[in-house]
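In what follows, chain A forms one complex with chain B and a second complex with chain C.
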Partner chain A sequence: MTGALFLGWRYLAQHRFKSSILVASITLMLFLPVATRLLVEDSAAALTARADQTPLILGARGSELELVLNTLYFHAESPEEIENRAFAEAQSTEFAEFIPIHSRFKAHGAAIVGTSLDYFDFRGLRVANGRQMGLLGECVIGANVAARLGLGPGESIVSSPETVFDIAGVYPLKMTIAGVLAAGGTADDDAVFVDVRTTWIIQGLGHGHTDLADAGAGAAVLSRRDDMITANASLTQYAEITPENISAFHFHGASDTFPLTSVIAVPPDQKNATLLRGRYQDSELLQLVVPGNVLDDLLETVFAVQNYVILGLAILSLATVAVITLVFLLSQQLRKGEFHTLLRIGASKGYVAVLIASEIGFVFLISALLAAALTLVTRHYAMQILQTFLTL
Partner chain B sequence: MIDLRTLLVSVVVLVAACGDADRQATTADAAAEKPKSALVVTSNYPLYFFASRITEGIDVAPEIVFPDIDGDPAFWTPGAEQIQLLQSADVVILNGAGAEPWLNLVTLDRRQLLDTTAKIADRLIPLEDSVRHQHGPEGEHSHQGTAFTTWLDPQLAIAQAQALTNAVVDLAPAAEDQFRDNMAKLERELIELDTRLAGIFAQLEDRPVLFSHPVYQYLQRRYLINGKSLHWEPDEEPTTSDWIELQQELPAHRASIMIWEDEPLQATKDRLAAADIRSAVFHPVANRPDDGDFLSVMRANAKRIQSSL
Partner chain C sequence: MINIRELKFRYHGRGPDASSTFGMRVDAFAVPQGSSTALVGPSGSGKTTLLGLIAGTLRAESGTINVNDQAITGFSDSDLGRFRISNVGQVFQAFELLSYLTVIENVMLPWYIAGGGRKGDVRKRAADLLRGVGLESKINARPGELSQGEQQRVAVCRAMLNNPPLLLADEPTGNLDQENKQNVVDLLVEQARRNSSTLLMVTHDESLLNKFDSALDMRHVAQLLDGQSQR
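The block that comes next holds the complex of A and B.
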């Protein structure tokens, strides 16, 4: 019987083109539904885990999904904003620990996330190289940002203007990298973290400039009378915060009105969570959402999409099986003379049957192995592959 | 039905969410690295002195640290190592009242901050002489605040020390009685200082006094001193305009004593003496003194004022 297997293998090797098409078709037929299912399940598990670690999110009333996504994954381009007073008022309730988030700006494609030190404890983020951010203008960067841009502690990264044509808007700020976070396999790896006040400086709500009361500021002073100095447009604002100029940085306006994109609330228990949710139930400007619930709704959609995709693939698979069957049947017809010769030289009918079965078996075996290998590779590199695809 | 937008959002979320599996382990690692011993960092020397006295001789007391600061702590900008020290502290004891402008520049966990004047905010003195300025379309503004040398009023110093005591009690509740005993001793010494200063400044009656710098607001208010502040530095020769300003001030405020933060230049003393103004040093002791401690420096201040009367 090994002779029949050998002949079957040699037949496939001899007809490489036909065999390759068959293997490719069956591989894809096996791979696509399995990979889709695993990818969705892995992603859903990861998504749920991050959402479940985030008990409550306070933000502007509007799309719950966008609020949650921007807080968890920092993806929104123009997120709705709330005033910093909402953060202060939430804190005054003492129902939870509150962590401010201001995620609106980018630096080299990475989201700049303005927050407090509480965020790092909350997410369990550890500085792997360097130290924690300490001064305004300093940042700690995620592991992927550091690897992608080849940056480390002591180097700097510049924030991007919101639009190319926004010459009168947000000035780029050169931020010093204090440390690099250990990789955690989350969206935090792709972010640049700064003090929330640094994002306000990027937004132009705070800045540093020469002391106008100083004699050296003469050229920048438009008028000076009693207790009032007016500067002209030549007043240079610092684009980088250094130990030498940091004391010149200050904010204009009441910090209560400064923007945040959301606030993460971490209540100590269910009772406090419920009391806190009650506070915002009737608010017209604010909403307090449970990320897990919002993402459960999203996941229902994801799973529905997945089911549609798998149904489509199943139909395609049926068609593929039909075509493959046809190919094999036609092949048998074409090889009638070959099988007749084998019988004439002494091969049994069983021998011929094994020969045909071995050819089919080899095709399915190779396809199954390839599909398994592709599934493993896809699972391993799924994030990078899809991210590359999405950023094309 | 599922629309395209929801579908796109779903894909983006799935991409970003991938690979979260190791999160739990990382969280556990970070939690395991938290320091165990209590560390208290103070933002100026008087608070360090109070904290040291309150925790003196108590084994379980937290470690009290006052960073090495060159010059006035109110103008301090912490360096990288000092920021790490502040971030590693269990409690950072602040004077409040605007004495820590560097707080606006550094990233600290707000839960570790204790403002010792938060409960006496109604007794703080607002500053009035800030310059407004305008640049850009956002309108005029000024960078003003409150006077911050609160410890120069021993009654406020006691209130600050009490806030500090509560903080160390929270860190080591087992030694509460000892902390409060030490606080009681400190309070007695501060009251004694208060009484002594009150007696000395009472001798001034309503006679005008000049302060070389506007840092004595609380001393002035506590002891009803008829004082006016200049902006003179003890280690700098006053400029011609400074002398002119003084000449213009004197007819309305005929001072016979100028109180300095530190020993002024001899030439300045001589020229003031020529105008019948004696110089006396009242060290605000915001930073660690070269010799002695907070109370000994304050007693020396009292002695110098007494001898100048």
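The block that comes next holds the complex of A and C.
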């Protein structure tokens, strides 16, 4: 019967165009529903895994989803900001360990995340190359950022202005890279981590410049009256924090009012978690959310949509099967003469049946292999696609 | 040799052909082994039917057909298939080459159907046959790239692949010009003679009869039943 397989293969090879269309149709018919289901399941697993590792998030009242996506994935749509005071007040309750997050700015497309060193312990992040950030203006970058921009310890990365026309306060800050984090396959790989005070400097709440009291600052002084010194436009503002000029950096205003986008709360047990949630239940300005619950609501909608998509694809598949069956039947009809010749030469009816079955089998086998390969490739890049989508 | 006794055959049309019937009776018919015989007669006299009965592609109602001492009338369908592959080489009027196979693959078609022997040996045999008919340069061509005369030569090679003791040709020259007709008949007779095969060929062309050992008029071989003459 290997002869029948050979003839079947040769027939398909000779009629490449028709065979390719059949293979493409069946591949899509197999690939789309399977890939949709796997992608949704993988995405759901990835989303919930990070959410489940984050017990509670404190933030401004408003969109819970925006708050969760910004805190977990540093999503570009920042939620309403809260004051640093809220972080200090939460800490005073001692119901949990609190980690500040200020994720609003970007550097070369990567989110700049202002936080404390506790964040690294909480997420289990390890510096693979270099050292942990120690000074104002230093940063550690995620593995993907380092790979994409070709950066390493000792080099620097500049924050991006929020808009080209933003001349009010958010100036580019050149940050020194202290270390590169080990890849973890999470959103942390695509972020630039700095001390939260560094993000306040990027926002223009703190800055560093020539000491006007110093005699060398003469040309930058517009007027000097009693204790009040007025600078002119030639005053040099530092765009990089170095060991030499770090002492010249200072903040204006009360640090209590400085902004944060959220605070991650890690209570030691359920009791403390409940007490903490009770504390913010009636707050008009703040909300304390459970990320897992917020994402479950989102995923419920996603799964519902997925079911409709798969139902649609199933209907489409039935139509495709009908068309493919018709194509095969018409093809057999057109080849009656060829089969008759085979029978006259001495082939059995079983041989002709195997020949037809082998052609159908080859088409389905190639389609199944292609669909499997496509599914693997899609699955491989699914997390990257999801990550990109979440950080947009 | 071929030996037919008291053979009765009846054909009932099917589908749009349902109203047509055809029947014939052959009381006795014999062709000696290694001879070449031309079968002539008007259309509808049963020439093609007789070839079909001898090849086992048609079934008789009664009577016996012996081919090389094998009573094929008692064979099952699968036995008949095996019998044809190893005993009968057939050349058809419309060549009936498979368009998606190359010339040499078409010649090897009986091997692809029945197997037997190493592929390399069979391929060499097919190449030798094609060389013998002057088609060695076209072994990898498709049938569509050949002239009609060349296609019929390929069909003859296919029929000869298994060195069959019986060679049946149903008007193989019907679609050819005069020069190609002569060439193909010469080829068939020569191949049959070289292989000691029995050649039985249906033809309407009387100019070809002198190439055969004998010529039989179908009207003297078979009697039509019920006065029908549909085929």
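In this section, the second predicted complex is superposed on the first by the 378 of 392 C-alpha atoms of A that agree within 3 Å, B and C clash if a C-alpha of one lies under 4 Å from a C-alpha of the other, contacts with A are read in each partner's own complex, and residues count from 1 in each chain.
We take it that a residue touches a chain if its C-beta (ideal position, glycine included) is under 8 Å from a C-beta of that chain, and two chains touch if they have at least 3 such contacts.
Owing to the predicted nature of the structure, the values given are computational and were not obtained by experimental measurement.
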- [ ] Using the overlay on chain A, decide if chain B and chain C clash or can fit next to each other.
- [x] fit
- [ ] Name the contact category of A:151: first (chain B only), second (chain C only), both, or neither.
- [x] neither
Open item on the list: After the superposition on A, what does A:121 contact: first (chain B), second (chain C), both or neither?
Closed with: first
TODO: Tell me which of chain B and chain C touches more residues of chain A.
DONE: B
- [ ] For A:345, select first, second, both or neither according to whether it touches chain B, chain C, the two together, or no partner.
- [x] second
TODO: Could you tell me if A:309 is touching chain B, chain C, both of them or neither one (first, second, both, neither)?
DONE: neither
TODO: Using only C-alpha atoms, work out how near chain B sits to chain C after the chain A superposition, in angstrom.
DONE: 47
TODO: Pick out the shared contact residues on chain A: the ones touching chain B in one complex and chain C in the other.
DONE: none
Open item on the list: Please output the residues of chain C touching chain A within their complex, sorted ascending.
Closed with: 55, 57, 77-78, 81-86, 88, 90, 92, 96, 98-101, 105, 109-115, 158
Task: Complex contact set, residues of chain B against chain A - done: 2, 6-7, 9-24, 26-31, 33, 75, 77-80, 83-84, 86-87, 101, 104-111, 130-136, 138, 140-143
- [ ] Provide the residue numbers of chain A that touch chain C in the complex, in ascending order.
- [x] 2-4, 6-7, 10-11, 13-15, 337-338, 341-349, 351
TODO: Give every residue of chain A touching chain B within the complex, in rising order.
DONE: 39-40, 42-47, 49-50, 53, 65, 69, 72-73, 75, 97, 116-118, 121, 123-126, 131-136, 138, 178, 182, 184-187, 195, 197, 209, 212-213, 220, 227-232, 235, 243, 246-247, 249-253, 295, 298, 301-302, 304-305, 382-383, 386-387, 390
